[in-house]
Every structure is written in C-alpha cells, then in structure tokens.
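See below for the structure under consideration.
A, B, C, D and E label the chains in the order they appear, each numbered from 1.
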Amino acid sequence: MMAGAPLFLILLPLIPAIISFSLPERLAVWRNAVNLLFALVKVGIVADLLRQVRGGVDLEWRYTFLPGHDFLLRVDTLALLFVSLSVFLWLITTVYAIAYFGRGPNLSRFFGFFNLCVLSATGVALSGTAITFFLFYELLTLATWPLVVHNGDEKSLRAGRIYLAYTLAGSAAFLVGILWLKTLVGSVEFTAPPDLSAVPPLTLTLIFVLCVGGLGVKAALVPLHAWLPAAMAAPAPVSALLHAVAVVKAGAFGIVRMIYDVYGIGTVAELGLGTPLAALASVTILYGSLRAVMQADIKKRLAYSTVSQVSYILLGASLIGPFAVIGGLVHLVHQGIMKITLFMCAGALSNRLGIKAVADLDGAGRLMPVTMGAFTIGALGMIGVPPVAGFISKWYLGIGGLQSGAPWVVAVMAGSSLLNAAYFLPMLYRAWLLPPPERAGFRELGTSRDRMLILPAVVTAAAALAAGVFASSAVSPLTWAKLIAERGYLE
Amino acid sequence: MTAAFELILCLMILGTACVALLVRDFLAAIAFFVVFGNLMGLAWLALGAVNVALAEIAIGAGVTGVLLILTRGRLLALGEQIDGNPLGHWLNLGAAVVCSAFAVVLGAAVLSIAPDDGLAPVIDRLMPRIGVENPVTGVLLAFRAYDTLLESFVLLGALVAVWSLAPADAWPRAPAALRMTDPAALNVAESFGRLVLPIALVVAAYLVWVGSDRPGGAFQGGTVLAGGFLLAAMGGAMGLPRSDDPAFRWTLVAGPLVFLAIGLAGMALGRFLAYPEGMAKALIVTIEYFLAFSIGVTLALLVAGPPVRAETVP
Amino acid sequence: MSLPAALGHLFPLTGAALVGLGLFGFIILRHPLRQLLAVNVIAAGIFLILGGLGRGEDVTDPYPQALVITGIVVSVALTALGAAMITRLAEDRCAPAPTPEPPGDRDA
Amino acid sequence: MSPLDLLVAAPLAFMVAALVLGQGGRWLILAAGPVMLGLSAWLLALPPDAAHLVGNWDLPLGILLRADGVARLLVPATCVCFVAVALYAWPEFSPKAGRETARAHTFWPMLYLMWGGSNAGYLTTDLFNLYVTIEMVSLAAVALAAMGSLAAGLQYFMIALVGSLAYLLGVALLAGHYDTVDATLLAVRARPDLPTVLALAVMTAGLLVKAALFPLHGWLPPAHAAAPAPASALLSAIVVKLGFVIILRLWFEAFAEVVRPAAIHLLGGMGALAVIYGSIQAIRQERLKPLVAYSTVAQLGYLFLAFPLIWNARIPGEPWAAVLVHAVAHMLAKAAMFLAAGLMLKAVAGDRISDLGGLARAMPLSVTAFALAAISLMGLPPSGGFTAKFLLLHAAIEQGQVIYAGVLVIGGLLGAAYLFRPLSVAFGASAAPVVRAEGALRVAAPLTLAALAIALGFAGMTLIELSSIGAPPAIALPLAEEPGP
Amino acid sequence: MTWVSVATGLLLFAGVFFYAAGTVGLLRFPDPAARLHALTKADHLGLAFIALAAALEWGSVAIAAKIAAVWLLAIMAAGTSAQLMARVTRQDHSDEP
C-alpha cells in the first residue's frame, strides 16, 4: 500500500457523507446501502493495515500546511488500536442506526454528519502531531454537534449548547497548550518526542495541565464531565457513538498520546504528574459510579457509567508501568465494545417498549430476552465479572497499580466494581426476575421485533465475551495492546 | 502692504466662517458661507493659484451655495427646523477646548513645515512633453490624470447615488422642478435664464480652451455651464430631464467615458493614460471638452436632487 | 512676492484655524445640513493648508493646486449627496411614501 | 497591457455601461464576472516585482501602481465577492413588473463604482489617489446603506465624510512636508517629527472610523443591519477592508520608521476590545442581521489586534500573512453569511433569530452556507479564519503576549457562542416551516463564498507566499526564499 | 507718476465712494425697495469705475473688452436678482393683513 493510505482511509467517509447529504429522504434504501458498503470497505482496509503494521510496516503522509507546521498522518500500533475499534463499531452502529431510525426525518443529514464523525475519529487516531490531532479533534466537535441536536427539541438544543461550550473551551485550552509547547521546543510530533530538558518544569506542568484539561473535557474527567449526561438527549445511536467510539475516546486517546508520545513517561514521572492524574482518574471513576447509582433514567445511568469507565483508561496511562499501560489501552477497546452494547440495548428497549427509566425494566427480559441477554453480558463486563472483557482490563489495571507502587489502585478497582454492581444488578434483577406490568398491548410491543435492531447488540456482546475468553489469542485486543506497549513504551 | 492685505483677508475668512457656523438664521449662515467662499477665492488669488480660485468661487461658493439654499427651501417647506443658536450648552465648552487644542497642534505642525514651491521645478521640466502651458492642467490631465479620471467617476457616482434616493414611484421621472413659483418673478428669471445660458456656454467653452495654457479648465468650465443650466432651469427656460432619457444619460457619461477610452487607447500604445508624443495637447483638450460638458450637466443635476413623484414639490 | 518670514505661514495657519473651527461647528451643530456646512469649512481649511504650503518665492506649486481642485470637486459631489439624503429623510419623516418600495430582503 | 490598470478601468467601463443601459445593467455581470476573474488570475500570475507608473510619469509626481502581496490577496477575493453578490442580487435588483425602478437601476452602477474603487485602492501606492478611491467606495457604500435605512445611511455618510477629511488633512500635511504622497517614497523620507506624527495620527483616526474599529464602530451595525442583503454583504465584506488595508500600509510601510510601540499597542488594544465588545453585543442581539453586523465589529478587531503581533514578531511575515488571510477569509465568509441570512430571513416571517426554527431542514443549502461561513468566522478548522487565528495565536504565544493570546482564544469562543445560536435554532424544531424553494442559483452564491472561505484553510502555504510578495521591508521575509532567477 | 496712474487712482476712488454710498444706503434706508434702489444704482456705478480703472491699468484692448463683458454680466445678474428680491419682498408685505 502507498504512503497515502492514511489519508485515503481518513477521507474515505467523505464519499458516503456527500452522497448522504445530497440524497433526498425518500431514497433511504440507497443511502443505507451506500453507508453500509463504505463501512464494510473501511473494515476491510483496516484489517489489511493491521496485518501490515504487525509485520512492521510504517506508513506516513506528510504535508506542510503552514510554515513550521506539518500535517502528519501516521499509522502506528496505537493509532490502529483506535482505528480498528472505531471502524468495527462504526459498521455496527450504522446497521443499528438504520434499524433504529427507520424512516424518521432528517436522516440524510444525520448520516452525512455521521460519516464526518468517522472521518474525524479516524483522523484523530492517525494524527502524527499534536497539531494535526487538534485539527481532527475540533472537526469531531463540529461533526458531532448536529448529531447531538438531531431531535431538535428544546432538550437536545440545550444539550448541544452545553456540549459546544465544554468541548470548544477544552480544545481552545489544548490548542494554547500545544502551541506554547511548540514555541518552546519546536516540534510536537508523536514519533519523535521533543527534548523537554531545557524547559522549566513549572512551564511544562502548566502546559500539561492545559493540554490534559482540554482533552479531559471530551474524556469527561471530573469536573469537566457535565456535558456527557446532558448529551443523553440525543438519540441512542448518537449516544452509542459519543460514549463508546468517537468523542470520549478521542479525549482519552489524546491524553495517552500526551503522556507517552509528547512528554514521554520519563518526563511525566520526573515532573510528578502521573500520580495526580491517576488520583483524578480515580476520583472520576468513583464519582461517576456514585452518580450512576443515583440515576433513575437508564441512559443517564449509562452516561455516568461512561464517565467512570473512561477514566480507567486514564488511570492505566497515568500509572506508568507495563501492566497498567496494557490495562488502560485494552480498556479503550473493551469499554467501547461493552458500552456500545449497553446503549444499543437501551435504545432498543426504549424504541420497542418505551422503557426509559430503570423502574420500567420489570420483566423486560421475558419480553425481549435476546436484547436483555446482550445487555446482561455488557453489564457483567462492566462490573468486571470474568470471563467478560472488562475483567481483563481491571485485572491488568490492578496488577499495574501494585507494580507501580500504588496499591490504592486495587482499592479503587474494588470500590468501583462494587458500585458498578450496585447500579447494574438491580437492573438485571428487575428485567429477569420481576414480572412485566400488565398493560394492554405491552407484550405485543416486545414481540414485534426488528432483527436488525437487536443483531448489532448481539454481535458486540459476543465480541465482548470473546475478547475476554480468547484474550490470549493472536487477534485479541489484549495481544495488540501488549504489542503497542512492547514497541512503544517498554524498552 | 501685501502682508497687511493678506492678514486682513485671513481674518475676514475666519470671521465669515465663524458667522456661517454660529449664526442663528440658517439663511444668513448660507450668505456668510458664500462670502466665505468668495474670500477663499481671494486667498487663492493671493497665493497665485488662479485655477483654484476659479474652482473655489465657482464650485465652493457658487454651486454649494445654491445647493444649500435650495435644500433649505425644501426642508422649510417640509416643516423642518434648521435655525437655532447652537451655543450655550456647557458641553460645547469642552468641544471648544478640544477643537482649539487640535487647531493649535495642527498650527504647530504647519509652522514646522517650510512652505516651498515643492514640485514646481519638476513640473516645469516636464511641461514641454505635453505641449500645454498651464501647469495645473498638466498635473490634472497628464501627470496625475489617473486621479482626475477617478474623480470624474466620483462625480458621476454621486449623481447615481442621489438618484438611488428616489422614492419608488418617482422613477424614472425628472427631479423636482427648479422653476420659480411666483409668475412675475418667473418672468424676470426666465428672460435672464434665456440670456445667460448661451453666454454660459460661450464662457465655459472659453474657459476650457484657455485652460490648457492659462488658468481655466474642465472643472471651471463645467461649473460655469452648470450655473447656466441651473439659471435656465430656475427661469423655466429649460426643463429637467427624466432619468431614463437615453440621450441625457449619454451626456452624463460622455466625459468620463472619453477620458477612459483615451486612457485605454494609450494602453494599447504603451501605458494606461499615456499620451503619444505630439498628440498630448490635442487629446487633453478633447478630454477636457467632453469632461466639462458632462461635469456641467452632472453638477446641475446634483443640485437638482433625486427624481420626485409629482411636479408640485417646491 | 516676498513676504516677511512670519507671514509665510499665514494661509496654512488660517487653514489650521478653519479646520478647528469647522470641527467645532460639526460637533456642536445639531441639524445635519448645518453639519454639512461645517464640513465644507473644514475642507476649505484643509485645502488652504495644502495649497498654502506650496507657496514658493515666485510661484505656487501647481501640484497641490491640482490636488485641491480634485478635492473641491469631490467635496461638492459629497455635499450634494448629503443634501439630497437630508431632504429625502425629511420627506419620509413628514409624509411617509404612499407606496414604499419594499425592503430589498422581501421582494423577489 | 497590464491588469493593474484594467482591474480599475474595466469596472468603471461597466459602470458607464450600466448607467446607460438602465434596466439592462444587471446583465453586465455576465460579462464583468469572467473579465474580472480573468484579470484577477492575471494579477496573480504577474512577476513578483510587477509595478508601473500610470502614464509613465515618474515619482514623486506620478502615481505608482503595483501588485504586492496585499493586492494579490485582496483583489481576487474582492472580485469573487462582487461576482457572487451580483449574481445573488440579480433578481432583487431587477425591474418590477417590467418597470425600471430607482434601485434596480442605480444598484448596478454603484456596484461597479465600488468595485473599481476598491481595486484601485489596493493597487495604488499614492496616498492622495487613495483618498479618491476611498471616496469612490464610500459614495457607493452610502448609497447602498441608504437603500435599507435612510437615517442609518445619513449617519454613515456624516461619519464617512469626517473620516475622509481627517485622512485628507494628513495627506495635506505630508504633501506640504515631503512634496510627495507616494507611500514608497515616504517610506524612505519620513522622519518622526510633529507634522508626520500628526499626519499619521489623523489619517489613522479617519480610516479607523471607516474601518469601524471599536470605539468608532457606532455607525456600522445600524447601517449594515438595515441594508438589503447584497448591500450588507458588500458593506461588511468589502468596504471596511479598504480602510484597514490603508492603515496597514501606512503603519508598516510608509511610516514604519515613525511608528512607536505605544501607538501599536494602542491600536492592538482597541482591536482586542473590539473583539470582546463586538462579540458580547452580537450575543445580546435578538435579530439575525444585527448579530451578523456586530460580528463584523468583532472580526475587524482581530485585524488590528494583529498589529502589535506583527510589530514584535521574530518572523513578522507570519502574522502579516495571518492578518491578510483573516481579511480575505472574513471578506468571503461575511459576504456568504449576509447573503445566506438574506435568503433565510426572506423565507420566514420575522427577522428574529427565534423565527429561524426548522430552517436547517427547509433550506439546508442556505443553512449550510451560513454554517460554513460561521466556521471560518469562529476560527475553527479547517478554514481561512482558522489559519489566520492559528498563526496569530502562535505569534502571540511566541511573544509572550498573554493578553492578546487570551483575547484570541476568548474571541473565538464568544464567536462560537453567538454564531451557533442561529444555527442551533435552525437545527431545532423538528417540524420544518413551509418555505418557498431556495432557488438553487441564488443559494450558489453564498455557498460558493463560504466554501472558498473554508478552502482557504487548505492553502495556507500558498497564501503566505502570496502575502510575502513585495511586503514592506519592516516585514522581514525569512520564510519566502524566492527561487533565484 | 504718469497720467494713467493718476486716472486709475481717481477712478478707483470714485468706485470706492459709490460702493460706500450704496452700503450706507443699504444700512440706513427704511424699506426694502429703497435699500435695493440704493444698492443697485450705487454699486453698478462703483463697479463701473473700478472696472474702468482696471482696464486702464492693464492697457490692453482685449483685456478691456473682457472687463467690459464681465461688467455687463455683473450688472445684468445684479439687476435680475434685485428685481426678484423686490418682488419677493412685495409679496411678503402684501401677505400682511
């Protein structure tokens, strides 16, 4: 494959985006076909890239867009981890969105922006410099905003406002941080970590705070997380996207890049920035879980659960030790697969049965057993029950904590797992063990099921299970995370 | 003697300007403004700038004066209050202080600049190349013909801008008639207008013709023409044209168009607005005649104002 | 024409004073037509500075003279536009147009 | 033959033609568009040192025209704007029921006068010639503004008149002092004495009024908000830029040796205040067009905020390019925004932002044009606006100018705050209002302009190279190493 | 001192005298018609003397012809405007009750 491959990969969704924008609503079939086709093509390309990069191929595309500022795309192992996750889940979400919306209004627009999101997320993953990263990161905000306000009601418009206020302010802080760093050291390329020795530690710390603070908005670090629960006003496929794939992951991914590829673990350790960040991540983990317990709305509960779970990645990254790194990176994938399962199930429940609140879940398992089955796998994974994928992440994180001399991490893990259980188990209990309410026609709603709405959740649930069961196989996320750690950070 | 005269002249200029600005009755203000303009003309004469003196008296005092009087009349007919003594408010004291301070600084800056004849030697050296004798005409129509070209379009544009103010249902009628309403007065004015228009034409043609060698030129000639047109219109000896009259539109654009065309022709031979050797004077005079005619019509129409709905507006 | 040195600046200084005077008038006068008159006084002052500074021992520099003539013509053109606007505004104020042309945004 | 003359002569010829043709004048754009775009392309293709004297009359007497980077960036952008606005304005300024109207007739000559005037302004180095071009542009601008509101037009007229005279006063002092008003000669001759400083001060003040820099902006919002959409587009995109460009040339070329840091920071500070004040005012607006108009006040602030950043820069070429790119991007984006706003407001009943509900569905192309323009104005990537603000922010951080950097960042966020408001409403209300068809041809104008504003974001290097052509010596040029002849 | 300069001086003196007389009349006479009467008559004569003086001073026939033309135009214009003013003032007075 040529050096332009990363660019091609990023720009590919532009074609379905333009087609979607220009097709009138009545040609929905064509639009859906085009979207599925391109999602599949992208999966194929990424699969091929995975093979090549594992074989040691290094792909790079560089273009000087302003003096001294290169637009650099690079396919490395970490990038591919994020790219594979997003293209896989993208395919799934496309299928799900098609089934979820049916023939609703404004779908041409929806799928258009949907594809722009893929474009930006892939760009975020493949960025080779912090400034390129910023470009796609900002583009991601712009592309997701129309999705957040998709419903057009007062609630979603408000969510859109909050979303913009947080994310734009965050990226502005990030931009100031990286530009500051760039003026000091001349380069913010990920491949060649700059020499920071000449910069005063205080300045470095300040820049780190700006950057991580800016990225932490999208990663929903407490106290910058408020936009995420508000964004629940968006339709379920969008929530799935925000929570599992694009937005929060972009933030977390960016922080990982900052720690490992811009500052380098040595500098982060020297400056003593790892521990505060780990502490902040831990606070977020516990706070998110606590808030989740208090939510009566299913999607809100899942949203706070995301706040909590994404910080596992940051916890892993900030602990600076081989096991912790692997745990954090692998959770990037695991959390995505599990959380998207949960959101797709929640969407199906509300779509079919009108269930929105936890209290309405009574007997849902009997009405929609497959959906609830997938939900259950996702929930158990979140709690960390073996052999679902979440267990692997938590295991590695716990070990990593001990290894890095931070045994309190284990306590955080345990506490968080308990809280996870506290908010997921009652849901499972109601769904499986309580009888459904005797409302006229309620049962029939559940039986008139659309396979395409449920299939994606089943697939991701299966993937979550497989990622746990076959964690040691050659194609598992864990193996890839180990490869990243070996190649990049553990020499 | 000369110095005393100039000193008195300057004091009178300042005095008339003061009155024109501050007097209560606006008609008196206009009268003093016209006197001010004429004194300015004398100042230009004292400076030896006869070309400017002509332009100042014709345009600055003449056309502007007519314009102000006409506008005042129209506004009074509409019930506007223009008179009034602006002085007496305490804020004005602040304005006075600020403006005096500014004038003092400006005066100091002016004092630190030595008056000299600047580019006169340069211009003298270049004059033989264009064949005309009046250096001001040389600057206007050759050395800085580009300025003058653009300026002729400013004048044209001003008229179009005035037209754009026409009420929707007035287009494409003529501007409000300038004819006097009192029949007896009209009688007097008409005979004067009939007499003056041909004289104005002759004088304008003369001014343009001598302008290449002695003081005069397109702007001065055009203004005299405009004055003739206005007087004729006031006397009813001449109607004002409708704005969609094609012949009239051509008279408006003729001057700028010929200027532009000659400029572009020069480009074909070498450079935009460059005159071929030996033809400079002929081309300059050609441009000036067309320009003077268009300026005359344009200025007269500028004074007349935008098209109006009916004939009854004062 | 030889002048006492102190009087060499007479006309430009008068111009400067006229600028100040006109500015004062512009600030304190309320009616736009009177402001327009004040603007003409300022312009006359500027022209006097421009021309007066070109006064040499024997001749006055034709270069500023030409600039002044250009300036005078531009100034009368603008004064005419201003006067027309003031008149039209007064007309609209005392008798709104019977069939006003609809604002540009609405027609088509 | 040279585009330097033709870029001025051609619009003037079209003005004459439009005036004579009357109601047929609107057809001229079909000829003027290709001609002017062709001339712009020719301008871009000229050798870097392209300049000539009008009529071959030498300085200090004659007038020099030249194709420097400023002209090469702004003239083509101006031409694109004019063509788009003219095509958009076509149905609006056409005869009504077969009858010629004052507006339908006078709009077209005014458009060409403004076109010729602004091109002339960008190409000349002569300060008095600039005075005439300023008047050409102002005259047309006043007429266009008065088409919306006579009162606002008159206010604008008075302000513009005093501004012009202030400028002329400066020119008079310089002409008396240096016997030339050519910027390139003044760059060599100017000394920091009282007349020069005073001249620079009054000229700048006069031009600032025309460029509507806070706190001299008062006339702008009413005039720009009330005018018909095409007129607003021209006023906000084209007219205010000329004043800015002249100030830029005065400060960094003609009087680079006279200017002192305190003055530069005064200008920069006013720019910073303009950004904040204009944005806050825009946020407070309830109606769409005043919002866009106040956005102009804010965006113009950036142009002046850049002055101290250019002044202090290690590589002045970068902020210099940034400010020019910002001018071009704002030109395209703001014209697009006013045109799109015109279409949107025509479709709905009122003129308030809250009336726009559901328009994203009813007229997606117009809203897209508005949104793309908004992206550039907010300075979000990828867009010309982003390129400009990115370079400025980089310069500000590099120089440790915390306040300017902060204003750049906060200005961008405030920009998002006011520009996403109408967009948000347009995306809201799932029930789309019934509107007439958008008229694909008319939508094409704002859409093209907005797309160009976005496309500028991909041409950063080209723009920087262009901007460095013939840049004044004060703007050192380490980044544009011309390949040897 | 030639006879020309003597004549010029005398003519100028006469011109100024008539102007002064006209102005005194303008200021002192009671009603508009009388004022106009004083102004026009006296000023025409004053202008004539001064024009003559100028022509004499120049000593050129062509210039003298031009000056004569100017004088003619001036008195025509002044006469017309005086007429108009007289009519306007009469009208104003006839409006009074």
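In this section, a contact is a pair of C-beta atoms (placed from the backbone, for glycine too) under 8 Å apart; a residue touches a chain by one contact, two chains touch by 3 or more.
The model shown is predicted, which means the values in this text are computed figures rather than measured ones.
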Touching chain D and chain E alike are B
Between B-D and B-C, the pair joined by more C-beta contacts:
B-C
Based on CA centres, what chain would you say lies at the far end from chain E?
A
Middle chain, criterion being Cα centroid separation
D
In angstrom, rounded to a whole number, how far apart do the mean CA points of chain A and chain E lie?
98
Provide the C-alpha centroid distance between chain A and chain B, rounded to the nearest whole angstrom.
74
Report the inter-chain centroid distance for chain B and chain E in whole angstrom, where each centroid is the mean of the CA atoms.
26
Out of chain A, which residues touch more than one other chain, so two or more?
none
Multi-chain touching residues of chain E, meaning two or more other chains, are none
Residues of chain B touching at least two other chains:
106, 109-110, 113, 115-116, 118-119, 123, 139, 144, 147, 151, 154, 157-158, 161, 165, 167-168, 306
Under the stated touch criterion, can you name all the chain pairs that qualify?
A-D, B-C, B-D, B-E, C-D
Touching chain B in the complex, chain E uses residues 73, 76-77, 80, 83-84, 87-88, 91
Within the complex, which stretch of chain B touches chain D?
105-106, 108-110, 112-113, 115-116, 118-119, 122-123, 126, 139, 142-147, 149-151, 153-154, 156-158, 160-161, 163-168, 170-172, 243-244, 246, 249-250, 252-253, 256-257, 260, 263-264, 266-268, 270-275, 306-307
For chain B, which residues count as touching chain E in their complex?
180, 182, 184-185, 188-189, 192, 195-196, 199
Provide the residue numbers of chain D that touch chain A in the complex, in ascending order.
315, 318, 358, 360-361, 364, 375, 380-382, 387, 390-391, 393-394, 397-398, 405, 409, 412-413, 416-417, 420, 424-425, 427-430, 432, 458, 460-461, 464, 479
For the complex, which residues does chain C have touching chain D?
12, 19, 26, 32, 35, 39, 42-43, 46-47, 49-50, 52-54, 61, 63-64, 67, 70-71, 74, 77-78, 81-82, 85-86, 88-89, 92, 101, 103-108
